[in-house]
Amino acid sequence: MLDKMGINPATDIFEHYSLENKEKENTKSDFKNLFKEKIMEVNNLQKNSEEMTAKFAAGETDNIHQVMIAGEKAKIALNLTTAVQNKIVEAYKEVMRIQV
Amino acid sequence: MTDYISLITAALDGASRRGELIANNIANATTPGYKRQDINFQQVLKRQMNGSQNGTRLRLDTTDKNHISAPGVKNNDSFKKSSFLEKSNKNGSYRNDKNNVDIDVEVAEMAKNSIYYNVLTRRAAARFSTLNQVIEKGGS
Amino acid sequence: MFSGIDISASGLTAQRLRMDIISGNIANVETTRTEDGGPYRRKVAVFQEKLQNKMSVFGSGLSVLNDNANDKGVEVKEIREDQSPFKIEYRPNHPDADEDGYLRLPNISIMTEMINMIDATRAYEANVQAISNYKNMAASALDISR
């Protein structure tokens, strides 16, 4: 559902690393790029939301629901990405605690 | 971040000043000889936004003494300068007392201005809440 | 959204002007002397759809300031005098009666004016309701984002 709204920073990451995925050799650089891409998306949504609000403030649009939707999209994307990031860090810490 | 907040604050300053003027028009709806007053703060805002150097529209130019300053602590009266004030001299031909206030138009303008104000306060609140959230929850 | 409110405001202005004219007709139902001589003629407001951003004589002073103001809605094009014939009554004692004792009275029917007055009032209220609805819509749009 979120992907239909154009918000998918987190689900892509999980899809990418499901067990069916066979590209385990390049996981390191892939993860970095994938995460970077998703961060860019979040940043774009944020910029778009600021643009919409600026347009509204200048009186160039009176489309209130579009302004609010753009804002909410940016917020959700950011929250989702933050939550995913936290989970990943937690998982990493968990792994590091494993005694060999 | 602060550019965005400054922009919203300047717009809110303008809207609240305009609300005052409209309320004054309504109060003087039957005053003989009174002419309606208004400010087109959005026009001023737009001009300052478009002229910004760094490419984004969020920063307000403050190179001229007539520019609205990015609001600091002291500068809530940026819109009280009378150079922004506009007075309509049009005389509606059916009033003998030379008053050109149309109460219906004033009420409609008041409604529009309030809606505008409410949208921008919501946007500012959402921005602050996001920032707080990132500070509290982002990065463990 | 905002232009919708302007449209309703133009309706309010037009109906209010129409009420003023109706009141004038009712007040002058027995007026036999006017500036140009002769009885008062019934006045009618002619409404027209406002399609352009021209400021009409009866419009508000708003469009001077705002590019987008009042670009649609209704406006009063003119106040026309009803050319239907005057009523004629036999009142020989009236100072304005002619030599045969007949008096020309304004072509105003109180009944018609009252009905029009109710109509204008209802239309005015409907426009007020429309503005109220716009305000509610805007308020609920704000709830999209906390």
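Letters A, B and C name the chains as they come in the text, with residue numbers starting at 1 for each one.
By definition in this document, a contact is a pair of C-beta atoms (placed from the backbone, for glycine too) under 8 Å apart; a residue touches a chain by one contact, two chains touch by 3 or more.
All values reported here derive from a predicted model rather than from experimental measurement.
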| query | Whose Cα centre is nearest the centre of all Cα atoms in view? | reply | B
| Out of A-C and B-C, which chain pair has the most contact pairs? | B-C
| said: Nearest whole angstrom, what separates the Cα centre of subunit A from the Cα centre of subunit B? | reply: 35
| query | subunit A to subunit C: how many Å between their CA centres? | reply | 58
| In angstrom, rounded to a whole number, how far apart do the mean CA points of subunit B and subunit C lie? | 33
| Multi-partner residues of subunit A (at least 2 other chains) | 59, 64, 68, 71-72, 75
| Where subunit B touches two or more other chains at once, by residue number | 115, 119, 122, 126
| said: If a residue has to touch 2 or more other chains to count, which residues of subunit C qualify? | reply: 1-2, 138, 142, 145-146
| subunit C touches which residues of subunit B in the complex? | 35-36, 38, 40, 86, 88-90, 92-94, 100, 102, 104-105, 107-109, 111-112, 115, 118-119, 122, 125-126, 129
| query | What does subunit A use to touch subunit C in their complex? | reply | 59, 62-65, 68-69, 71-72, 75
| query | In the complex of these two chains, what residues of subunit C are touching subunit B? | reply | 1-2, 5-6, 8-9, 12-13, 16-17, 20, 55, 57-58, 60-62, 64-66, 131, 134-135, 138-139, 142, 145-146
| If you look only at subunit A, which of its residues touch subunit B in the complex? | 50-51, 53-54, 56-60, 64, 67-68, 71-72, 75, 78-79, 82, 85-86, 89-90
| task | State the interface residues of subunit C toward subunit A in the complex, per the touch definition above. | result | 1-3, 68, 138, 141-142, 144-146
